[in-house]
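Some structures are shown below for you to check.
In what follows, chain A forms one complex with chain B and a second complex with chain C.
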Partner chain A sequence: MEKKIGVYICSDCEIGKSLNIDSLVKVATKTKAPVVKTHPALCQKEGMDFIKNDMATEGVNAVVIAACSPRVNYDVFNLGIPLVERVNLREGVVWTHPPNNEDTQMMAEDYVRMGILKMQKMEAPEPYKVENLSKNVLIVGGGLAGITAANEAAKAGYDVFLVEKNDSLGGWMAKLYKQAPTEPPYTDLEEPLIKDLIKEIQQNQKVKIYTSSMIEKIEGGPGVYDVVVRQDGKVESFRAGAVVMAAGTIPYDATKIEHLGFGKYPNVVTNYMMEELASKGAIVRPSDSKPVKSVAFVLCAGQRDENYLPYCSATCCIESLKQAKYIRDQYPDSKVYIFYRDMRTPGHYEYFYKGIQNDAGIFLTKGDVKGITEDENKNLNIDIENTLIGEKIKVNVDLAVLATGIVPVTALGEEELPPGVKPGDEFIPYVMIETDILNLGYRQGGEVPVLINGYPDSNFICFPYETRRTGIYAAGSVRAPMDIPSTIEDATGAALKAIQCIEMTGRGEAVHPRAGDISYADFFMQKCTQCKRCTEECPFGAINEDEKANPLYNPTRCRRCAICLGACPERIISFKNYSVDMIGTMVKNIEVPPEEDEKPRAIVFACENDAYPALDMAGINRLQYNSFVRVIPLRCAGSMNLVWIADALSKGVDGILILGCQYGEDYQCHMATGSHLAKIRLSKVAETLDRLRLESGRVQMEQISISEYYKIPDILNNFMKKLEEFGPNPYKG
Partner chain B sequence: MAVEKSKNVLVVGGGISGITTAVETAEVGYEVTLIEKNSYLGGRVAQLNKYFPKLCPPNCGLEINFRRIKNNPRVKFYTLAEVEKISGSEGDFDVTVKLNPSYVNEKCTACNACVEACPVERPNEFNFGMDKTKAIYLPHEFAFPLRYVIDEKYCTKEKCAKCVEACTYNAIDLNMKSQSIPLKAGSIVWATGWNPYDAAKIDNLGFGKYQNVITNMMMERMASFNGPTKGKILRPSDGKEVSRVAFVQCAGSRDENHLSYCSYICCLASMKQATYVREQYPQAQIFIFYIDIRSPGTRYEKFYKEVQSDENIKFIKGKVAKIEEDPNTKDLTVVAEDVEAGKKIQEKVELAVLATGMAPVTKEWKIPTSISYDTDGFVLSNTGTAGMYAVGCVTKPVDVYSSAREGTAAALKAIQSLVRR
Partner chain C sequence: MAEEVISPDLGFVRDVIKSGGESLKKCFQCATCSVVCNVTPDNKPFPRKEMIHAQWGLKDKLFSNPDIWLCHQCSDCTVYCPRGAKPGEVLNAVRKLSIQHYSIPQFLGKAVGSPSYLVLLFAVPVVVLLLLLSSLGHLSLSAIPRGEDGGISYAKFIPAIYLEIIYGGISAFAALVLVAGIFRYWKDMVAGAGEARQKMLLKGSLIPTITATIAEILTHKRFQKCDVTKARYISHMLVFYGFIALAITALWAVVYLYGYEFFGIKATSIFHFGESPYPLTDPVKWLGNAGAIALLIGGYLVIKDRVNNKEKAGRGSYFDWIFITVVFVIAVTGILTELTRLADIAILAYPVYFVHLVFVFFLFAYAPFSKMAHMIYRAVAMVFAKHAEREVERG
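And then the complex of A and B:
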């Protein structure tokens, strides 16, 4: 259907009082919009009827609304058509710039023109439909997390494949004698829940279980993962829609903590071994099967220590208290010592801790265990320093239990960097450890990229499930150290995310953070030079390569951030409603006054996730900023294509500022690496600018969060000041 | 004949847990109704300056979540809304929701003319009473939806009506009444959150008696640019800058006279707030009095190490016995037992921040249906009623990251209730 654009300019909210609306109408008409109208208050019922009437009677099917920010009145201006563009005259112009002012007016005119051109270049996206979509969930790992995810997904009606490397289900949890309290009064040990869960899964018709099995290969993407499983030398193939990766952890190797004597002295055991000792019935010590009458628990054994495990495994304090109770329940005359650094029993576990503290047979103190030695009876001498009852103490016990921590199986291997990237480089797109868990057929490697301590990278804090691989959700202790109730929640959440990804993929929608976006990338392959930038830079590994290095795009892996569009030097990647040409056209049609007018121009490319809302908040607070800037929102700062900078500079624009999210290890970029990529790309512009004899300071990037909106005026004003110092762009006019 | 069952999930509480449950459920493809008693979504996290340990702004994640709500026609939400009545069972609940009047209708364009006209002030509870707003006000500038409201406790209505006069959009309706609307739901998720424990109950710490003793939540507002002091950390008594600050951990938590449990987040919150002070006052000395530092896991432990490495932040293992005020200077003396040194110590400070714990909203208020609680008022994870689930800080003290995780898990449980029927 032919696109017919209607432009509607609102004069309410000080817009009419501050701007010459007739001139805006002229600009719109000159930009070849067939229908251009004004209204005193578009967001009110009469205003909406006004637009809807044109849609019904004049065939307007693409609407440009020049009024308030797209962040407000989104429900009012939902016209039920895909092509609606909002030109932000309120927050972006009249609330942030002086009224009835030539520069404010020029700004509004530029925005109206840019909005119409954007609409002219935009097409309504059609959802990508996959063929032979599978709604089955693949779960890797048959421990507590994997079993829970399988049971929960099945309860929602989905078929599940569960692949476990060992010959039995349950993982570490199956070895527990008892579990710590999870119910009021939070003081009594409980039967391990895992036994019932294993029974439940074994009887579940919707779950197909593969034990003693490994994933040989996973090809494809969400909705269309083709999985090959190897079991007893035989291979089996099936299709799955999404993956829950719950491959778990292994205990830290206690022999590495030499001063604690594990491996040297038989009666030094780990907390894992203690569970086995307790499960056998009478708790006896390994060296001579003598009943254990005195025990020392050494907490943080090799943990919170840069020499071994730098982190806290989150559950050992509670597990050690529980094991102390095993001993005390079995031998009322026993003596238990617990040496800790900080007793970490958060939430309701505090009740359990209190119960233990009230047991006179348990001696608890803060202290650093400096060494363990064995005496002639195979008893152990424990040296402790920095205790609360004196500098140094010594105890002699039958058994010592080391609370060693956990290591995620994703960390078991060498960290590999992408080709050409060295440790210590400013930007590391991803870190891969090939651990043989998933064996993904992805160009960036076979596993989920890791970040800190070998744990899978995910959007930490707000969106914990968002790993760097769409449709693959890490769950349980492989993702972060956590206790039993948290693992159950985590696995249930991961099952939800897997199901959600399948359903959204089926509807052709992107998942978080551009949830519901149906646009997807189109590659104009004739012009591709096989430079590999898109395949290397995609934060989600969405693009594979054929043997000639041509990009092979997987739409269902794609998060629609358009970082590939920004990466491509040949400009072959476009979305129906977001393209290099579209933004480029907007850039090229900013009116640049001649040098003698002394009206410089700068373009601000603003990430629409944080920077654009920050600009908006500046508007809501009526903060005034420089009128010579022109803001263009981008899907992600990483989608910034350098050609736009060239377009702008050759047109005479004096400078370009990119506003993106914080990058680095604590990144806030919702696309993981987008803002950092923008920064790296900019550093490469400097050379080109030097060649053109333009100051490299004309192109800058700032990191800003939504809450730092108060910095907006200074950032923009200072940037313009710097441009003034450089003088006008010599390519003007 | 089969009865048509509801495919709607009702989420009660629009904080981070409830929002997460709502958007995660809706994105799978189910209809969701989210109700919130405040006039804005975001709950407690909307009051925070930064999240630990990344020191990133809560509004960043909220913005994405609000966008997910805006773009998803399956999520309906009501603010100023409360559950009045519930009947029925899993798959087929009948719920009556009371919508309280905001006195401002959808014609409001957020132009602020009403606020300029309003002659009446009220204490700003969003900032814990540290400043005032007019009786008609925008709860805070990030408020979503961006909607003004009238506080009926303070507004003099028709006697004044200056705001009505000032509003050119006929957006103010002083006769607006509360209304009850019926809803159908297949399952219900309770995400009603928490309140800060009332620090005035902890006699020996002087909150409410001494102006320069504040709570950790007040500190968040003070450090926020959109707070009562434009982000500047100042002493309440005289607005002076601070150079010595004490953080008092377990203020009420882990204490049988107050909250027997550990509130989980306070150690990290205080360390985070220590960084606020250090950023504003490079010379400031900080004392953190603690029993145990609880920073479990990888990222939290890393953050603890970073804060510990700051020479100006001193960690003292010991519970604070009391806080005293010098009535002339309003300076405070924090008295504690330093258990590592084995002696009683006193530190003179200008500001003391109490790490007050979390109490579930259901400690004081009960859900109007049959639900199981523990003795502290937390809802049990097995709520005792099929089709009803609870999530976030109404079940136990949790951080934001766990709330997001639980919210996502609750979405699946809620969906299972619809599928099962």
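And then the complex of A and C:
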């Protein structure tokens, strides 16, 4: 059907008072929009009826609304058609620039023109629907997290496959003697709740349990994961829609912490072994079965220590306090020492800590345990420094319990980098540890990429469950160190995310962060040079490769960030409503005044996830910034294609600023590596600039988060000042 | 510091808890207490370290440490403690255990600190005095001889010589116990002081230090530094000087009783040498009455302050309250003894005097084991701290 564009300019919210609306209408008409109209308040019922009337009577089927930011009123302006474009005259122009000003007016006119051109280049996206979509949830790991996720998914009406490596369910939690209190008054130990959960899941008809089983292969993508499970040498296949990876942890190898004597002295045990000792009834020490009357708990054993385990395992403080209670409850005359570095008992655990602390036979002190040695009676001498009692002290005990930390099973292997990437490189697209958990059929490797200490990579702040594999959600202590209640919460969340993914995939929609986006990438394969840039740079491993290195795109794995679009040197990747040509046309049609007008121009490519909202926030707060900038939102800074920069500079635009999320170690990029990729690509722009004999400072990148909106005026004004120092782009006119 | 093998005394921890330090284990060593304390030295301040020593049952570290006595239980720490660990109360409990530790025989210390022995402890003076009265034949009111002027005469009720024997005896016992206790305490403090301080202790005479300490006690300088319980400065001062006045009165009376033979002054002067009772015009009477009133008012204020500050500073232990009660009863019965005598109400006068004597006996005989001993141990600790330059003024 022929596209008929209607442009509707709203004059409410100070737009009409600050801008010459008639000029805007002229610009729109000149940009070949067949229908151009103004209205005093488009977001009101009259305004909506006004547009809908045109749709019905004049056949308008593509609507450009020049009013407020696309981030507001999106529900109001839902016209039931795919082609709706918003031109941000309110937050982006009149709220951030002086009214009735020539430069403000030019800005608005550019935005109206760009909006119409964008619409002209846009096609209506149609959702990608998979055949034989599976709504089953695969859960890998039968510990607390896996069982919880399975129960929750089943309760929500989904069939579940639960695959457990061991011959019984329950994981580490099944080995606990008691669990720390979860209910007021937070003083009494509780029976481990895992026992009931196991019973519940075993009776659940919707859950198929595979014990002593491993995942041999997972092919496909969300909605169409084809899973092969090996159980006792037999192989079974099924299809699943999404995966919850709850493979858990193992204890850190305590023998590595040599000075603490584990493995050397029989009476040095780990906190895991302590549970076994307690489960047997009378707590006796391993060497001679003597009742344990004095115990030293060494907290943070090898933890938060760069030499061993650099992080806190989150559970040991509470678990050790609990185990101290095992001893104190059994032997009232016992002495229990707890040597901690920082007692971490958040939330209600504080009550439990206070209760244990109040026991006369518990001796707590901060301190660094420097060594453990054995005396002739197989008792242990513990040397502690930096104590609160004095400097160094020594205690003699029957048993020492080391609170060794937890290591996620995703960390159990060697870190592998993509071909051609070396450790220490400025940009590392992903780190893979092949651990035999998922055995994914992904070009980038068989497991989920890891970030730090072998934990799965995810945006910890915004989307903690998300791994860098769409449809695969990490839950429980394999995702991050966590205690029992947090694990339950985590697994429940992951199960819901898995269900959400299945349902959205069924509708052809993207999951977070572009939730609901139905567009997907289109590869013009005739021009592909098999350069592998897209397959290597996709943060989500959405693109596989055939044997000739042709990209094989899996739309259900795709998060629609368009990083591939930015990566492709041949520019063969496009989305129906987002393409190199579309943005390029917008860039090329920004009006660049001649040099003598002294009106420089800069393009701001703003990431839609944080930078663009920050610009809006600046508007809401009426922060004023330079009128010479033109903001173009990008799906991700990583979707920036260098050709746009070349287009802009050759057109006479004086500079280009990319506003993206924080990259690097503590990245905030919603697409994991997008903003870092943008930075890397920019460093390659210098070459182009040299060829054009331009200062490389004309193209820059700034990192910003939404909460830093107050920095917007300074960033933009300073950038413009810098461009002024360079002088006008010699390619103007 | 050298590494030392630490072995907590679980029994001691329980004793501290039982002695009014039930909040002991709540301390998590944030050291707010040491920061807010106005009487601690800056270097290695108390009571933070005392709290963990007590939590760990390291009684030797506590006992050999003058700091537990440098604390005047202002309770500023207790008010500011974020965990409700009440360091003021805990140190008070530790001091009680310290008194019991150094004053022998230790079973008497335990008995004085425990309410279950209260009846037994009072039974001793009651029996002793009843035996005396029955041997004098003064158990019936009519049998009690009157004074020369026909009024009530306590000197006729119980001749001075008997009281001198009984009270002189228990005082001598108390003094001996205290001296022995101080001797051991000093030795422990020296042993626990570390080399540098031990050297300092050998330097110079103790006399100026003792003089300075006495001056400090007389002026109650340390009490003035308290914030929360500032009022204690007044109440403690009244009780303290009341005691001193009454002590002087008692000695003066001895001089009167045996002194006229030496001085040959007749009872007609304002100084009434001879046997009691003395007329109200006599200076000894002025001093004695003033002391009694100071003790009464001071005692009342002590009780009032403690009740008022209960929420902030803690309610105090049995050990505190038995001492306060005994002192207050002595003041009340002392005054009533005089008033009932002057009013000539024999039926009240003799029983009140009897009660008075019982309580005075209790105070004297058990002084080394009760809170009374604090005045000696604290003074000694202050001398030690001053001499070892432990007690440095805060800037």
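Descriptive notes on the structure:
By our rule, the second predicted complex is superposed on the first by the 732 of 733 C-alpha atoms of A that agree within 3 Å, B and C clash if a C-alpha of one lies under 4 Å from a C-alpha of the other, contacts with A are read in each partner's own complex, and residues count from 1 in each chain.
We adopt the following convention: contacts are C-beta pairs under 8 Å (C-beta built on N, C-alpha and C of every residue); 3 or more make two chains touch, one makes a residue touch a chain.
The structure presented is a predicted model; accordingly, all values stated were derived computationally and were not measured.
Following the overlay on chain A, a clash is recorded for the pair chain B and chain C.
In the superposition on chain A, contact is made by A:G157 with chain B only, not with chain C. Contacts of A:N396 after superposition: chain C is touched, whereas chain B is not reached. In the superposition on chain A, A:L388 makes contact with both chain B and chain C.
When the two complexes are superposed, the chain touching more residues of chain A, out of chain B and chain C, is B. Of the two partner chains placed around the shared chain by superposition, chain B and chain C are both touched by A:K366. In the superposition on chain A, A:A41 contacts chain B only, with no contact to chain C. Contacts of A:G281 after superposition on the shared chain: neither chain B nor chain C is touched. In the overlay built on the shared chain, the residue A:M343 is in contact with chain B and with chain C.
Shared-chain residue A:Q357: touches chain C; no touch with chain B. In the three-chain superposition model, chain A touches both chain B and chain C at residues 343, 354, 366, 388. Here chain A touches chain B in the complex through residues 12-14, 41, 43-44, 68, 72, 74-75, 152-153, 155-157, 183-185, 304, 310-314, 342-351, 354, 366, 386, 388, 452-453, 455, 460-465, 480-482, 485-486, 488-490, 492-497, 499-500, 503-504, 507, 511-513, 515-516, 609-610, 613, 617, 620-621, 661-662, 666, 668, 670, 705-708, 710, going by the rule given at the top.
In the complex of the two chains, the chain A residues touching chain C come out as 333, 335, 343, 354, 357-366, 381, 383, 388-396.
Within the complex formed with chain A, the residues of chain C that make contact are 1-8, 10, 13-14, 17, 25-26, 28-29, 49, 52-53, 55-56, 58, 83.
Of all residues in chain B, those touching chain A in their complex are 16, 23-24, 27-29, 49, 51, 54-61, 63-65, 67-68, 70-72, 107, 109-111, 141-142, 146, 169, 224-225, 254, 260-264, 292-302, 305, 317, 339-340, 342, 374-375, 378, 380-381, 396-398, 400-402, 404-409, 411-413, 415-416, 419-420.
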